[in-house]
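Both complexes below contain chain A, partnered by chain B and then by chain C.
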Partner chain A sequence: MVNMTINLILLFALILVALWTVMTIRLIRSIVGLALTSAILSVIMYRLHSPLAAVFELSVCSGLISVIFVTTVSFTQRISKEKLRIRRKERLLKFWYLPVILIATAVMLCQHLLTPQFTLPLLVPAQGLGVRDLLWSCRHLDLLGQVVMLLAGAFGVVILFKESRK
Partner chain B sequence: MSQSALQLFCTFGIFIILLLITGAYCMFVSFNLIRVLIGFEILIKAVTLLIICAGYVCGRTALAQAIVITLIVIEIVVMVVAGGVALWAYRHNKTIDPRKLSNLKG
Partner chain C sequence: MLSLFILIPLLLLFILNLPVKFIRQGAFGLVGLLLSVQILAALLHSLFPWSAFPEILGSFFIFSLAVDNLTLVMLLTIGTVALVSLIVAASTIGQERLRFYFVNLLLICVIGMNAIVLVRDIFSLYVFIEIVSVSSFILIALERNKSAIEGTFKYLMLSAMATVFILSGIACFLLAAGDLSFVSIHSAFYDPAASFILKVAASLFLCGLFIKAGVAPFHGWVMDAYLASPASVSVLLAGVATKISGVYVLLRLFGSVFIVNAPLQNIILFAGAFSIVLGALAALTQDDLKRMLAYSSISQIGYIILALGCATPLAFAGAVFHFFNHAIFKSLLFVNAAALEKRFGSTDMNKLAGQGYKMPVTGITSLMGVLSTAGIPPLSGFWSKLIIILALFSSGRFVYAGIALLASVLTLAYFLVFQRRIFFCKSELQEPALENPGKISRALGFSEISLAIITVVTGAVFVFMPGNWIMPLKGIFW
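== the complex of A and B ==
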């Protein structure tokens, strides 16, 4: 019961921080919100017995992706106070629907999902392998795919920032 | 699958759907490439939580973690390239509003 209460508090915090991330006007605040969302998500992952994925989420998503976003934003130009005021008004007009939609969806889902009337099929028992064994023995094709993706990303960035020869 | 596990999955499911709606709304409403990427990130977070929750409920956390690690690696590559594209667009057009990227028209 206590476990579920802590999970619920974390889930509420996750939604609230995500909402703040998308609704705030300043991009830097959005990025900080995104990092906070990742940090809360990694705590939830740790509580769901997935420590390795939690560490990845915390270091990569909360750290590295924030750095990438901050670097991207720092290369763009800061907007003037007048433009900021106009954009804040526009943003409020666009985003006041979102909390309403979220609350309506939550109420609707609570009525159907909190008392589940369905059952899921029985599962085949797990093989009892650890994450490292699984990654290196059963899912080595995934690792190959990751290497290809990393190379593709590196080539993509090199091509994007290639200076033209004159 | 026990009733308590199903209950836990449903409770998490509600929050996962709310997170999906938040990310999708941000992507559809924003006219800023970086904000679209932030919405996309929130969508990915929802999917990550879904995979981890499903793994926990089914007792297959190892498999779920392996899949999530793959997802995170691909996510970082996508974000780096997308950030590069946003910067490239800014350098060439002095804006990251997708409505004004008219020289992308074929």
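== the complex of A and C ==
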């Protein structure tokens, strides 16, 4: 029961931070929000007995990607306070329906989840093979797919960046 | 043996990038040969059942691949359209370096598409859908001009949304079935306890696939992507890439994974009919040929979706047949657009008006494509639409059958307007008013004639096809 409560609190925090990430107007705050989302997700993964996935999420998504985003943001220019105020207002008018949809979905899900016959499979910790064994022993095709994806990425970088400089 | 459809193109990709000059110069020939072998393998499977041979690399790799009639039709379609796209690229992409990059990216796209039709696991399916998408993004942006980057950006953004939907759907499937193989997910549909999660999973997955397939109202990226792409990429995208990563997956899921219930059927039927009508009405108002063809694609995909919603074995066979026919006649029309663009430097129909009479081969082949798309007998498009409409009638969906029938008239209207404006009248204006007039190559003419012949022959020999090709497709349908 305590475990379930902690998991639900973590999930709730995850959704709140993710919402803040997409709703905030400042890019740096968005990056911080994204890093926090990844960090909370890492904790959830660790609690679900997937330490390898948790470490990967924390180091790559929370660490490396945040560094790349901060580097990119350092090339941008700050906008004036007046413009910021207008954009914030426009944003709220444009996306007013997002919280409404979220609340409606949450209500619908809660109605279904609170029925006595429903069990939450999400709380079942990872069992069987570990991530490493699973990848190297059972998912050869996906690994091959990752290799092809890397090749496609390499061609993308060459065509879009190296060639455009020429 | 089946893994060779993935491993040989991958090996060729590495070979092409060796620092050997003559291999790079022969890249087009090597890839063309590979695609021709794929076409032959798919066509000759009934005479030489290669899929029965054991996996050569089976002891080294564990790949869960399988082949059935649907897979064979898809492998044939992929090989044919990719080969045509390669021929068009050889004639239309000027710079040597860009042509080489195109060949590499085409190979990556073919690897992705071949894998999509061979895998029987929903996560592997997702991985290879992403490979097709990523290679498509780069192909659209190949010329790196403003419209190409804009088209890529729109596709990238909507594709990212599709990815979120698909991944969330996969997570729900894993929760419900405990495994991601098609068989396990299909079995989970019989478990009432998993019903709610499976409904959520199927809805999320369908939203993602509708975006990938460009079904209305998720079609926002289609027009810009097709319009901004180089001619050869438009052929590949419209002919097969978006259809394999969107429509084929829908066919596979509806054919052998999902258990379709009445509410889901109604949603799919409505989406199909909406796509047909919206695409046809929007195509009527277009002045750019490629944009009109993009809207026409949305409309034709609607027919396939409508057949899926009907959810009978006959409708399923009609959907697969229309998939193949559409890939061929839409590729033909995009090759015609490429020929016009190459000759007159534009796809704007106001500029092209009355100029097409100078290109009789393009004019006649275009007429074949137009009539087939509109469903005029005895061309291939007529038979596939007839099967779909008959299936709708026999299942009591009279309104949807009527919509499909009336939309064919709309299709005929916008295509005849196009044909008349460009090919059936002479312009008073002189040709030099257009930019960069050039001559089309023999290879481009060969592609046009070959695709027109496939369209005509498929229609002409249809009477022999039901027993051998079309109806066995029903067997895939659960």
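Simple rule for what comes next: the second predicted complex is superposed on the first by the 145 of 166 C-alpha atoms of A that agree within 3 Å, B and C clash if a C-alpha of one lies under 4 Å from a C-alpha of the other, contacts with A are read in each partner's own complex, and residues count from 1 in each chain.
In the analysis below, a residue touches a chain if its C-beta (ideal position, glycine included) is under 8 Å from a C-beta of that chain, and two chains touch if they have at least 3 such contacts.
None of the values given here were measured: they were computed from a predicted structure.
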Exercise. When the two structures are overlaid on chain A, which partner does A:G153 contact: first (chain B), second (chain C), both, or neither?
Worked result: both
For this session: Answer with first, second, both or neither: which of chain B and chain C does A:H140 touch in the superposed model?
Result: second
For this session: Please indicate which partner A:S74 is in contact with in the superposed arrangement: first for chain B, second for chain C, both, or neither.
Result: neither
Exercise. If you stack the two complexes on chain A, which partner ends up touching A:L8: first (chain B), second (chain C), both, or neither?
Worked result: first
Exercise. Which partner, chain B or chain C, touches the larger number of chain A residues?
Worked result: B
For this session: Starting from the residues of chain A touching chain B, keep only those that also touch chain C in the other complex, and list them.
Result: 122, 138-139, 142, 145-146, 149, 152-153, 156, 160
Exercise. In their complex, what parts of chain C are in touch with chain A?
Worked result: 6, 10, 13, 61-65, 97, 101, 104-105, 108, 111-112, 115, 119, 121, 123-124, 127-128, 130-131, 134-135, 137-138, 141-142, 144, 175-176, 193, 196-197
Exercise. What residues on chain B touch chain A, complex-wise?
Worked result: 1, 6-8, 10-15, 17-19, 21-23, 25-26, 29, 32, 34-35, 37-39, 41-42, 45, 48-49, 52-53, 55-56, 58-70, 72-81, 83-88, 90, 94, 96
Exercise. Given the complex with chain C, which residues does chain A contribute to the contact?
Worked result: 112, 117-118, 121-122, 137-142, 144-149, 151-153, 155-156, 158-160, 163-164
For this session: Enumerate the contact residues on chain A facing chain B in the complex.
Result: 4, 7-8, 11, 14-15, 18-19, 21-22, 27, 30-31, 34, 37-38, 41, 44-45, 48-50, 52-53, 56-57, 60-61, 64-65, 68-69, 71-73, 75-77, 94-95, 97-98, 101-102, 105-106, 109-110, 113-114, 116, 119-120, 122-123, 126, 129-131, 133-135, 138-139, 142, 145-146, 149-150, 152-153, 156-157, 160-161
